[in-house]
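Have a look at the structure below before the remarks.
Just so it is clear, A, B, C, D and E label the chains in written order, and each chain counts residues from 1 on its own.
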Amino acid sequence: ETQGVSDSEIVIGAVTDLSGIFAAAGVPATKGANLYFDEINAEGGVHGRTIRYVVEDNGYQMPRAMQGYNKLLNRDKVFAMLMSLGTPMNVAGFKLLDPKGIPNVAPLSAARQMLQEPMDNKFTTTSSYYDQARIGVKYLSDQYGAQKVCTMYLPTDFGAEILEGTKAGAEEAGIAFVAETTHKPDETDFVGSLSKLREEGCDIVTIALGVRQAITVVGTAKKMGLEDMNFLGTFASFLTVVATVPGGVTDGFYAASSFQDLWARADEPAPKAFIEEYRAAYGEDPVGASMLGYSSAEMMVKALEAAGPDLTHEGFIAAMESLDYPEPLIGNHIRYGDGDHQGADTIFVNVVEDGKWKKIHEE
Amino acid sequence: MSLLTLENVTLRFGGLTAVDALSFAVEPGEVFAIVGPNGAGKSTVFNLISRFYDPVSGAIHLESEDLLAHKASDVANLGIARTFQNIELFEHATVLQNLLVGRHRHRRSTMLSELLFLPSVRRAEIENREKVEEIIDFLDLQPYRDKMIAGLPYGVRKVVEVARALATDPRLLLLDEPASGLSVEETSDMRWWIEDIRRQMGITVLMVEHDMGLVSGVSDRVLAMADGAKLALGTPSEVQSHPAVIEAYLGRAS
Amino acid sequence: MSAPILSVRNVESYYGPIMAIRGVSIDVAQGRIVTILGANGAGKTTLMKTISGVMDPEKGAITFEGDEIQGREPHKIVERGIVHVPEGREVFPLLTVEENLSLGAYTRHDKVQIERDRELVFSYFPILAERRMAEAGTLSGGQQQMLAIGRGLMAGPRLMLLDEPSLGLSPRLVQEIFDILARLNREQNMTIVLVEQNAAAALDLADDGYVMEVGRIVMSGSAQDIAASDDIQNFYLGVQEDGARENRRWKRRKTWR
Amino acid sequence: MDNLQLVISGLANGCVYGLIALGFVLIYKATEAVNFAQGDMMMLGAFVTIGLTNADHMGLPFWVAVPISLGLMAGFGVLLDRLLIRRMFGESQTSVVILTIALGFVIRFVAGLIWGHEPQTLQNPLAGRDIRFGGLVLGLEDVAVIVVTVLLTLSLYLFFARTKLGLAMQAASQNQLAAYYMGIPVKRVQGLIWGLAGMVACVAGILFAAKGAVDPNSGLLGIKAFAAAVIGGFGSLPGALAGGLIVGLIEPFASRYIAAGYSQIAPYALVLIVLIVRPHGLFSQIRLKKV
Amino acid sequence: MRIVFKTSYLQDIRPWKHGYQLSLYLILLALALAAPLLLDDFYLGELTNVLIWAIAGMGLMVLTGHTGQASLGHAAFLALGCYANIILLEQGLPFLLAFPLAGLITGILGVIIAIPALRMHGIYLAIATLALSVLMDDIIVLSEPLTGGVAGKFAPPVSVLGIEIDRWGTPRAFYWLVFAVTVIVTLGYINLLRSPLGRSFIAVRDSEVSAQAMGVHIARTKAMSFFLSCAITGLAGALMGLFAGAFNNETFSVVISILLLMMIVIGGLGSIHGAFLGAVVIGFLPQFLSISKEWVGALIGGNTVAIPGLETGVFGLILIVFVLFEPMGIYGRWLKIRTWFELFPFYRRDMFKRQKSYLKTERLR
């Protein structure tokens, strides 16, 4: 008797942000996942079991997250977690998932801690912020012969990881890391930090800020005439809205990520079908996070299918480790293995051109 | 030695001299009244004694103790209690609690012993309570004991203020217009209370009052002030017949 | 006696569960001065507040010049010409004396007349003119009381409710206040309802009087009649042998209790 | 030159804080209530304007959309007063604060529901136009922010100081009962001020969304603006602007000259320091009670 | 109507008014003791959570409800308590020593922080504490060697008198631990309120001028209030840390400070009951909404109810209704309901109709 599995139902849980500062990611991701699960359920579910996806809102606060975990584990008795958002919340969740062996799949956080020991029940779809920053920096330095790297970051685990990745990338590329600036989530003016970075002569600046802030930084730099400064974001800034800011404000902004932009590929079959389906279901346009949600749900279902009708945690983990398939929707290849719990390993470097993201490099 | 002495005390608010080189002394055991037109600086004198204001110059002594060397919150500890002209009670507390706050200067317990409510604290509480009950009996406040201040009529509040001041066990009691807002009947009660406070409790009283009936009824000496300075000082009848006092303060009928 | 300009019928008002006035009825005739006497907590203030609309009566009717006004928003009642000078001053502490006075004339628009009234108030209370730029909160108690009265006059009311106007004023000013009230009544035909602890002066000034006890009217009549009553003499006018200290705890029962 | 640039951008940014702070102070000055949802009202104003004017929404011309959204937000303020605030008449400040905090939750939720959670930028005729003198760059939006803020502060200041209604509002905040005794329609006056505050919030929102981007959580900026208002001495309109400017100016200089890790602390540390030195703000509104 | 004949002063000193009330509290106590036997892990966890919030609420209530000092920064003290406790535990101190020490340390730090704040009032104090709460995040990051910075810390399992206590491993033991702390803090609070110090808090809240004239030292009294408040909040923070198991600089955010203040206002400022009632609302309402989503889902037959974030929106709405309905807090409403029953059948329908009330400026001190 495995927790969360009955003859007719599998319960999957998530503790995500539907109302706080990261609702922009949490909400569409949840919608995307629901879309896929609804589809599967309409077709009769997995091995005759429908999927119930229970999503708890944490508002990006720890106490709420703990309540969410309490509910999911002790009341709903979930079989697995899918797309929980927030690094500290996920990490706190591990304390109780690990002893029960409950899998934590595809968290909406690209922190390296998502695969902390014991790793066997943890699976991420995406590469870490660390790797994204590292590879992005390496690429830009190769491309432009840049010499000096800097970072603007929020002093949080997210910022700290990108800072480290940037430093590692600089070291690998053999160039210097020269300056850093720290910020608060409610900061809206970056002239001061940019003039500092200008004085330090930065030619690559990695950004670990909120989405709104990233847009403002790039816009301000344009205004200040810092044409030689290349800005590099990660997964967290790789959003369609960043590309479509009116007036071409963000043109030339780079972002490293482990998936490809949805709207840049709106004509390709998989994204196209998804966009239509999503529109039909919700009456609004999907965004990157919706796509990730959909794709993660699909991955979950694939694993559940592979695990067979006798569903146990061991079986599920083995099934996850056996997954190996191209994922045309996110434009990456998902491959897990024994000891490899990161699904999509390829990292893309993209740049904004004419209001769209354009892939310029993959590694 | 006089109980309270003010020597050449001056206080200014901006350009306004509210108290102007004022000197007077209150003897132990007497009832000393201050009268004077509105804005003469009477309440300001009280506020100076309470150390709410620092005088520009001059000295204030309680016996030999230099009051100006003390902070406002120490004044009660020296044995001076007061009431306020405009009533300053703890609105969201009961009459009983208000009076018990009056006992605060007798607090001997520490925070820890109170958190544990040790027997010593309990004893002290009962003692406080007995003292407060005496005052409640004395001022006929029994019906209001557990009432919130916020719902009491003006006149009762005035009496509660006197009670709270008495609860501190003062040597010197400052009363700022104790009878204002009281009916004739209540004013005569107040008169007897003041007498008893002086006689039975041995407390010296310094009061500001506009009701000349009360003033001449209870006070031994009267100081008349105008524009912050001394106009006249003497027995009630002397002061009341002083022409300048009549002119500035009493008006025709007196 | 002419038809009443204000009449209060069986009014009951509560503070939460506490019934503060219990079925009070009074009549105030145009151009008269009516005084309401009563001990502490009798409900005089409550009655005034109920008339001026800052408290809602639970029962009963209040008519002013033929219209029912009970339970209306207070500013509507001011617009009709009733002004309440409250107990306890209630000035605007952070505004200057002058600003306080001009707010008194908030409902009026005749600039010239307002200016004239301001000068009149200053002539009644010269100290206010002297301190016109001072913040009202820094005035002495008595000065604030003058300001409250002056502010009430600025509204140019037809009916003025005065709640203990002599509170905290010097004896000389008390006389002046009563003179002023008499003059306003005589010259401007202003109707006045007066609550006073200084019963002698109030009865002397007033035409009619009411006596309240624990929320009820217990006596009414012309001011002279009331002043002549034994109980009033004893309890409100202090005409009583109170010299004998031994007797003081012995209180005569009021006949209406 | 560098520093001049910092000053100018700090001023422009400080003006946005000042504008939101102005909304706080406006309501406080007239009702002594603290509207914690002011930041969220700004966000709402920004979204309403975006909804009216952006091409992917209704696509009205900018100059048509602005007055409409000003009107809508004024109406929203009045509605809030009617539905909620008026029922709290005479209740303690704290309950009103809690009410508006909860209101903020609701506004954020509704905005997220209507406009989504992703940041959006206001399409406006000023966007992307710069003024340059020598090495100095000045966005036209920044100029607009500064001009509008200064004008608004000045006119509101004059309104409170010079007009009868302004005086009545101050009176109503100091003593509601006495204001009624004077015949001031206190509740109507409060409704008016909430409408005005809605409008000021909308102006702030428009300028904010023109300078950068808004999302439903942009309202949290209100906290910083609130701090700015308090620095100024809550209740003083010029104080609000001054507080906003101080916070706005400290930010670029801090990030320019203070080491990373510490620079982001500057605005809040400044708030603490100002309050330690002047416990009731620069233009203190707190008086010692005369007894 | 219950008429209590008072025959001794002790009757006013003891914490309950009459035997009936005492028996009610005893029943409540018994129920709370038996909770682990009656409830499943989920509800027990929620109850534990509510109790922790109630402790934090009492902490803030001392300061805001009884001393009148509004704080919008108490999450900072939760953080202090939490970190102090864990760091002491990591130093090898036994829990029974580390835990009270954590409270003490938080209290002392609270006083040190409060010293410059003693001259502030009302919103000025609220904003200063809010700034403090924002800064605490950075302070935790900057003192990384001590706090682990952004990576955060993990709470080790603790043992009390040989019993292993862990939020998830042994939820019952953990509940009893929290319950014991709740009882101790509550008793201390009750004692405080019936002794001179508690009265001086109330005096400072209602009138600083006359408190001073009664010999109450304002600054010292406020400082003591800060000490007690922060110490209690520190204890709650320590428990919260153990409850969460892992935490970092983002855990005790400003939002939590704001929620704490909301909690005590909605519960009812100025009463211990208010802290508990508020904790039930703020602590359990979101969870309740989340559960009721299932019922709604079952009703309309969907898998999930579509609107994300709806719970927070509804949560906000309900709080608004609470405040509108009863600005004096739930405890105020409870008192009215109780009076209604006690007076039955002599109540009037409009007895609790609010009489018009009017505010005066708080700009005068």
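FYI, a contact is a pair of C-beta atoms (placed from the backbone, for glycine too) under 8 Å apart; a residue touches a chain by one contact, two chains touch by 3 or more.
Which protein is which chain? UniProt says B, C = ABC transporter ATP-binding protein; D, E = Branched-chain amino acid ABC transporter permease.
Bear in mind that the values here come from a model prediction, so they are computed numbers and not experimental data.
Each step here moves to a touching chain, and the least such steps from chain A to chain B number 2. Listing every chain that touches chain A and chain D alike gives E. Of all chains, the one whose Cα centroid sits at the greatest distance from that of chain E is C. Set side by side, the interfaces B-E and B-D show unequal numbers of C-beta pairs in contact, with more at B-E. With chains reduced to the mean position of their C-alpha atoms, the one farthest from chain D is B. Distance from the chain A centre to the chain E centre is 36 Å, each centre being the mean of its Cα atoms.
Chain centres here are Cα averages; for chain B and chain C they lie 28 Å apart. Each chain gets a centre from the mean of its Cα atoms; for chain D and chain E, those two points are 31 Å apart. With each centre defined as the average position of its C-alpha atoms, the distance from chain C to chain E rounds to 47 Å.
In chain C, 15, 54, 93-94, 137-139 are the positions where the chain touches two or more neighbouring chains simultaneously.
In chain B, 43, 52, 84-86, 88 are the positions where the chain touches two or more neighbouring chains simultaneously. Listed for chain A are residues 19-20, 23, 27, 155, 184, each touching two or more other chains.
Of all possible chain pairs, the ones that touch are A-D, A-E, B-C, B-D, B-E, C-D, C-E, D-E. If you check the complex, the residues on chain B that touch chain C are 13, 35-40, 42-44, 85-86, 151-156, 177, 180-189, 192, 195, 210, 212-213, 248-254.
Within the complex, the chain C residues that touch chain E are 14-17, 54-56, 58, 93-94, 137. For chain D in complex with chain C, the touching residues are 164, 167-168, 170-171, 174-175, 177-187, 285, 287, 289-290.
Taken together, the chain C residues at the contact with chain D in this complex read 52-54, 73-75, 78-79, 83-86, 90-95, 99, 102-104, 106-107, 135, 137-139, 151-152, 155.
Contact residues of chain D toward chain A in the complex are 2, 5-6, 9-10, 13, 16, 105, 108-109, 112, 116-121, 123, 127-128, 130, 137, 139, 208, 211-218, 220-221, 223-224, 248, 251-257, 260-264, 267.
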